[in-house]
Amino acid sequence: MSDLLLDVSGLSRTFGDVHAVDDVSFTLAEGGSLGIVGESGSGKTTTARIIVGLDRADAGTVRVHGAEQTGTARGRAARLARARRIQMVFQDPYLSLDPRTSVHDVLRETLRLHFPGTDHAARIRELLDQVGLGTRAADARPRELSGGQRQRVAIARALAVEPAILVLDEAVAALDVSVQAQILNLLADIREQTRVGYLFITHDLGVVRCVTDDVIVMRRGRIVESGATARVLEAPEHPYTQLLLASVPRPGWDPRAIGAARRALAEAESAGAEAGGAKRPAAV
Amino acid sequence: MTTLDIRGLRLRLPGAARPVLDGVDLSVDASETVALVGESGSGKSLTSRTVLRLLPKGAATEGRVEVAGDDVLTMNAKQLRKLRTQTAAMVFQDPRAAINPLRRIGDFLTESARLNKLMTAAEADTRAVELLDAVGLSADLMRRYPGQLSGGMLQRVMIAAALMGDPRLLLADEPTTALDVTSQAEVVTLLADLRERFGTGLLFVTHDLGLAAAISDRVYVMYAGRIVETGPSESIFARPRHPYTRALLASTPSLDTPQGRLTAIDGQPPDLRQELHGCPFAPRCPLATEVCTTEAPQSTSAPGEPAHTAACHHADRLAREAADV
Amino acid sequence: MTMTLVRRPGLAKVRTKRAPLYVASLVFAGVVVLLALLAPWIQPYDPNIADLGNALAPPSGDHLFGVDAAGRDTFSRLVAGARTSLLGPLGVVVFSTVLGAAVGVAAGWRGGWLDSVLSRGSELTLAFPGLLLAILIVSVYGEGLLAPVVALSVAYFPYVSRLTRSLVLAERARPYVAAYQVQGHSGLQICVRHVVPNIAPVVLAQSTVNFGYALIDLAGLSFLGLGVPALTPDWGRMVFDGKSAIQSGYPLSAIIPCLAIVLTVVAFNVVGERWADKVAGRTR
């Protein structure tokens, strides 16, 4: 158990009648990288938000290095301890930074909170260097930076806390491909240097293949398939994973067959539900 | 028959040091799917909007943009209205942002036809039901509100609305970007079907090279307001002649390329506030030589393939390298 | 971001996109404020010295705006009156903004039962006419500037708190706030350092508009003889004092303070609306 960085077990969350997250369990090894793949409504983002403490679970536990993450952190010490365990990079680099705060101030604020009384100037230079931003960017406000640069700032801010786990919620989805490749490479370098564990939330199977060791595929709040990334992408077992893979556009792609497969999957599910084979209706 | 023919389109905006669109040549034939690929700020959306003369404030244009033989840039208000309601139509990226949430789907579909007196209300309703059927939706959607529909369904409604006036040309600006991958396939199938049934020319604007390769007959690649490469899809993806196209292909994480580090393109696209000398891609290009920084490259055809052109001084060298690998 | 300032029907139309009116309004408001600040040095005569022999004298080189029925120099009273007439609304704006912002931030940030209690509470105040409340308080506590200022502050704060609450709700939903939460910052820190500065321009624009309204209301109270003591120079009081002279065919001493009130209110309104528009344009 001790070499498990993250241990999520039996996580559930409902909003009204909707099971947003339904009995989700997985583990992340020390220095590992796990992808959570799914479409909108699959519950992948809710899972991430519960893990970082932005949302609460109705049931289930989240353990980091064996220590349980409480639903809501009460008090300063608990808050800081949780922040040191898990950090997050958000999807939209245009909205995840306070428009009024300069890059330097963003980092200093975090360092002051977590490492009071140390030399922040040197650490800020180091962090900016680590994410490939020049010291010139330090004085800039978010609106003077490009999307890629802002995402680098967001990564630097998360790294400043020196977390054990970094949750990346569609962190490259809003970026242009050329910039996206820069950020993905940067993330690979950072993992090598710091041995931080990644939880990569994404809808893009190409990205999953590029940056994760293991992957879980989520659909309607449940995990439908999990395993080593290479295995899942090469020999997917669940029909939904197969559909997802077939849906990635490439030369010689057959969208018509995908549409048919999608409908077939939906029908099989509703038939299964009527036969009592599934635990709940396949509605919506 | 050429449905859309853009020749030497140049567009200047106040506050920009260089033309935002700089000598764009592009054509779409009837029943043809053409992809316009580029990153944000490349001018791809601006190009498609210019076809309907949806120009930003203070824009100054040069060149010709002909839709079914008529120049859009010199049209009067009445002709422009006809263009937008009948000859050409546009499908936007975010269907939720482009549709009034307080009106029923039926109202939304028939509004333009009724207001422009193209048909009676009854005819418009009949046509709307037909089109809903064509995009795979049932007629009782007419009485529903946009909030009751999923993103994929709403995008199909948008496509149906675009087809109300029987357009010769359909402009689709990232129509699947806001959708899930599995609904993306359905929307693409739909567009392909409609093209076959109605003979509509389709200009598909996207940032996704894989999608462009999968669905289009021809591709235009745009960078910093210029068309840097164009040609049949297969040959562009198999044998790119422009280093930018090659770099884009290499930096896209895909399921087919070897796993491991991506080949990222260093640096940023050129800022609009700075003038460009020579090739716009030169500062980020591994092949750049002195001539690239001083002289803007002209489009040249690939040997034996006149339709495949690239604006690069080193296009032939790139092709040779690709052949060697 | 959608943003709705509270406006009164008539004055809502007094807004402009044209620069000259805005500049003129800004200059006018500035001049009025300067006059008020420098009143003791500017006023040519003591505003309370009655020279009955000179009563109802028309404008001349000695008396720029003439002399009122009691023989007091109208210009001097106007300048001295600017002090009371601006000080009152200033007090109302400061009190209502501080109180309203505090309640609005608390309600918007915490949500839940606190939001219900605070929102219902301020709606209750909203249902009670402000002027009536002021008259009630003044008639209980007698003359003086403090009572009407407190009364109007209580009447105005729900407008500020409602606006603040909706702004905080919108701001809270932005990912940068979630980012700070994940970083381990406390809710109070995020509010004070990030949320409040980001919404401040809109709240201040509302307060500027409120300033004009408070000026009208206070002038109205003085005109009714409530509020400021009889001899204090005040614009509303001047209209009241001047109205008997209208019957003797001398409308000037009533019209001039009227004009001062109207122009000042319009000036603050135009400036406030313009600021609000500017802020709205900046947020994308």
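Note that the chains take the letters A, B and C in the order they are written out, and that residue 1 is the start of every chain.
Here is the rule we use: contacts are C-beta pairs under 8 Å (C-beta built on N, C-alpha and C of every residue); 3 or more make two chains touch, one makes a residue touch a chain.
All figures in this text were calculated on a predicted structure; none of them were measured in a lab.
Colleague: Give me the two chains with the most inter-chain contact pairs.
Modeller: A-B
Colleague: Please name the chain that ends up farthest from chain A once chain centres are defined by their CA atoms averaged.
Modeller: Checked the centroid distances; the maximum from chain A is C.
Colleague: Please tell me the distance, in whole Å, between the geometric centres of chain A and chain B computed from their C-alpha atoms.
Modeller: 31
Colleague: Can you work out the whole-Å distance between the CA centroids of chain B and chain C?
Modeller: 53
Colleague: Using Cα averages as centroids, what's the distance between chain A and chain C in whole Å?
Modeller: Chain centroid spacing, chain A to chain C, equals 50 Å.
Colleague: Please list all residues of chain B that touch 2 or more other chains.
Modeller: Touching at least two other chains: none.
Colleague: Could you check chain C for residues that touch two or more other chains and list them?
Modeller: If we look for residues of chain C contacting two or more partner chains, we find none.
Colleague: Provide the residue numbers of chain A that touch chain B in the complex, in ascending order.
Modeller: Counting only chain A, the residues touching chain B are 39-40, 146-148, 176-182, 184-185, 188, 203-207, 209-210, 230, 233, 243-245, 247-253, 255-256, 258-259, 262.
Colleague: Residue numbers of chain A touching chain C in their complex, please.
Modeller: So the residues of chain A in touch with chain C come to 52-54, 76, 79-80, 82-84, 86-88, 90-92, 95-101, 109-110, 113-114, 154, 157, 161.
Colleague: Show which residues of chain B lie in contact with chain A when the two form their complex.
Modeller: Within the complex, chain B touches chain A at residues 39-40, 151, 180-182, 184-186, 188-189, 192, 207-211, 213-215, 233-234, 237, 247-248, 251-256, 259, 261-266, 268.
Colleague: Write out the stretch or stretches of chain C touching chain A in their complex.
Modeller: Against chain A, chain C makes touches at 174-176, 178-186, 193-194, 197-198.
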